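Every chain is named by a letter (A, B, C and D) in the order it is written, and numbering of its residues begins at 1.
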Amino acid sequence: MIQDKDRKREVIVKRVAQELKDGDLVNLGIGMPTLVANYIPEGIDILLHSENGFIGLGPNPEPGKEDLDIVNAGGLPASVVPGGAFFDSAMSFTIIRGGHLDVTVLGALQVDQEGNLANWMIPGKMVPGMGGAMDLVAGARKVIISMEHTAKGAPKILKKCNLPLTAEKEVDLIVTDMAVIEVTPKGLLLTELAPETTLEEVISATEAELIISENLKVMNV
Amino acid sequence: MIQDKDRKREVIVKRVAQELKDGDLVNLGIGMPTLVANYIPEGIDILLHSENGFIGLGPNPEPGKEDLDIVNAGGLPASVVPGGAFFDSAMSFTIIRGGHLDVTVLGALQVDQEGNLANWMIPGKMVPGMGGAMDLVAGARKVIISMEHTAKGAPKILKKCNLPLTAEKEVDLIVTDMAVIEVTPKGLLLTELAPETTLEEVISATEAELIISENLKVMNV
Amino acid sequence: MDKIRTIDEAASYIKDGMTVAVGGFIGAGTPEKLIDAVIAKGIKDLTLICNDTALPDKGVGKWVVNRVVSRIIVSHIGTNPETGRQMNAGELEVELVPQGTLAERVRAAGAGLGGILTPTGIGTVAEEGKEKITVNGKEYLLELPLKADVALLKGSIVDKKGNIYYKKATRNFNPLMATAADLVIVEAEKIVEVGELDPTDVMTPSIFVDIIAK
Amino acid sequence: MDKIRTIDEAASYIKDGMTVAVGGFIGAGTPEKLIDAVIAKGIKDLTLICNDTALPDKGVGKWVVNRVVSRIIVSHIGTNPETGRQMNAGELEVELVPQGTLAERVRAAGAGLGGILTPTGIGTVAEEGKEKITVNGKEYLLELPLKADVALLKGSIVDKKGNIYYKKATRNFNPLMATAADLVIVEAEKIVEVGELDPTDVMTPSIFVDIIAK
């Protein structure tokens, strides 16, 4: 089991990046998912979607070189790549909801073995609003959850989510610091273990039932 | 009763033009309604909407000076005035259907005393399709019908339309070569007679029941 | 990914029996070269989604005359007498849709909506076969999404990534059709390098476009 | 018709208790001067329709801090802790709407639609109180139009007729809000003469705009 916080994060985002294909349009959620952009494999050309209204989200501008008319979905200074396009919020969500977004990568509070996702509120505690999350999860062709496997030692991959859902049965893949898990019609399929991680550690850190792939591999990260 | 075809037409379009107010956005149907643009009263600045995708429809271009990228809703060469705006068909009909079009002027095959309109097909004979007519009549704030009062002597203003409708109870005003008639909750209110036209002539050329205005006037055309 | 193909290569993606959405309004903003290439290939039995059937010698009107289409979903056929003739002779199936409803139905398909509620058509034959839904005491027709296998667009300026700018009144249905087809082909009036189109001016983002035909 | 007014004159159209739609995304593309003028006038009890409540010292976030609003319809409040605090204290009514649904609801009001069907929110609390409609075996939520008394926009370039061009990522909800209010006020970054904006580049046509504030 990886112990170092930074290494955990690196393993997750590197592994998520391997899921992206040439030409993909990808939306990276705020927080850890945005780091995926730093690990896109060579030869793979993707476009990033920013739900406030453009595709072609580029690198963060250097301090002092910010353009106040370009922010990302977190409201922070951003840039646009050549060949990008700005549009209004209706078009932004036409892209998301119309099935034109290839991949969305989001964090989670809980995921369950039916592919349900809870990532937008904790009643009585944290209610930031769903923003574009419900649209992204319901609309994207592929929904990848990137998160630490547990929260303070408690499993986040459950038999059944008990927090309010973001969407029903929409998650396709879960990538954590311990494992890669596919959501299949038969249940959760464990396909890869993280380096330095044992099958037993994954099973004990997961509340949901896991089907172990016959081809169980170690992540190449 | 006016007999001359050209004079009839002139009376109708001149009278319709008087209905337009400064700042109005107006859609003029193909055919006679387009002539209204030639009689806009002085000091009145209107914008014309072209349902293929712009506002600010301008005068017909001179022969040889046509811009093939600008056509009107009839597919003919057109022009745009300074301050005009092009957009896609979704925005064009957002304007029409969202209540942003002040006036639409259309011809009719039949209108009835409930304000129903039939102007898009004669079963088994003429079926050009409704184009934007159903949207215009359902969506415009004010629907003005401009037409000759009768067709080969037969009334076109009926108790009840018998041709397929374009829309139900949407007509606001009927302007013909014989009269101006308002559609009111109580029925058709005859408010003006055309020059050289008697009340008896209008009544006998109209199948629908008419309420005669206490202020019955002669058109100022 | 190089998206640029010849007109002929691009047209070869269209197969007998497909549903094809075509941009343009009585021919303005229509990909005439792609229209011609489809005729030259002898493709048959297409279902056409378009605003109108243009003129017999212009735009998709040529498809009607050359019997490329067996079914059309349009708002207007009055400018092409051959469409009405084939319809009356039972040779061509015609579904007439109010123009604004056509735009919204195509947009709904592109935007992932299950349908939209519109008052247009209430009390008319456009009601036939449709569910009526009452909201706050007002009746609406439930109109369903309209999607195509292939969309054919005409772009005034297209960059090599596929971003499109439509000049003046050529825009019309093009940006809508771009969102509502499995395969999107744009006939480019002018192709420019990536970066030459200002991102603010792009009207159809590159991600909708599969093939740039020239 | 001269549409140009001072910021202060423009803000005076907003009255206590009105529903006000404001463009912008965490402050980008928000009419900051109009926001400030409304605060200065001591206007109260507004219902706000906006994507988010920005930051405490930015955009409509200032309205929350200064108690201008008593009810908000937004997709996100996470960037402004004061919104959550007032909500939890029962001082501010908050209706949370998925961002894409918010965009479609505002658009529906502007486009005269009675509602739209979306799969977003199925199986979540966003379902509550909403009609579900099944089309072709798939369940959708019926989402209703959202209209305002006044819309406040930020335009990068505005001509004297009211045509608006939005630069880069400042567009966001602005063109949608422009279609869905009885009175539309745009705060212009730059005002130009009629004719200086190319008609192809206009993003909000002048007919939607009542007042140009500078």
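Operating definition for what follows: contacts are C-beta pairs under 8 Å (C-beta built on N, C-alpha and C of every residue); 3 or more make two chains touch, one makes a residue touch a chain.
Predicted, not measured: the structure shown is a model, and the values here were computed from it.
Q: Between B-C and A-C, name the chain pair that shares the greater number of C-beta pairs in contact.
A: More C-beta contacts join the chains of B-C.
Q: Measuring between Cα centroids, what's the chain most distant from subunit D?
A: B
Q: Starting from the mean Cα coordinates of subunit B and subunit C, work out the distance between those two points in Å.
A: Each chain reduced to its C-alpha mean, subunit B and subunit C end up 29 Å apart.
Q: List the centre-to-centre spacing of subunit B and subunit D in whole Å, with centres computed as mean CA coordinates.
A: 35
Q: Quick one: report the Å distance separating subunit A from subunit B, using the average Cα coordinate of each chain.
A: 56
Q: Could you check subunit C for residues that touch two or more other chains and list them?
A: 104, 107, 111-113, 118-119, 167-168, 171, 199-200
Q: Would you mind listing the residues of subunit B that make contact with two or more other chains?
A: Touching at least two other chains: 54, 80, 86-87, 90, 93, 96-97, 139.
Q: Where on subunit C does subunit A make contact in their complex?
A: 1, 107, 109-113, 159, 161, 163, 179-180, 194-195, 197, 199-200, 202, 205-208
Q: If we count contacts the way the header does, which residues on subunit B are in touch with subunit D in the complex?
A: 22-23, 25, 45, 47, 54-56, 80, 82-87, 90-91, 93-100, 139
Q: Residue numbers of subunit C touching subunit D in their complex, please.
A: Within the complex, subunit C touches subunit D at residues 104, 108, 111-119, 133, 135, 138, 140, 142, 144, 166-168, 171, 199-201.
Q: In their shared complex, at which residues does subunit A touch subunit D?
A: 50-54, 67-71, 73-75, 78, 80, 86-90, 92-93, 96-97, 116, 127-135, 138-139, 164-169
Q: Using the touch rule from the top, collect the residues of subunit C that touch subunit B in their complex.
A: Residues 25-29, 51-52, 54-55, 74-79, 84, 87, 96, 98-104, 107, 118-126, 156, 167-176, 203 of subunit C touch subunit B in their complex.
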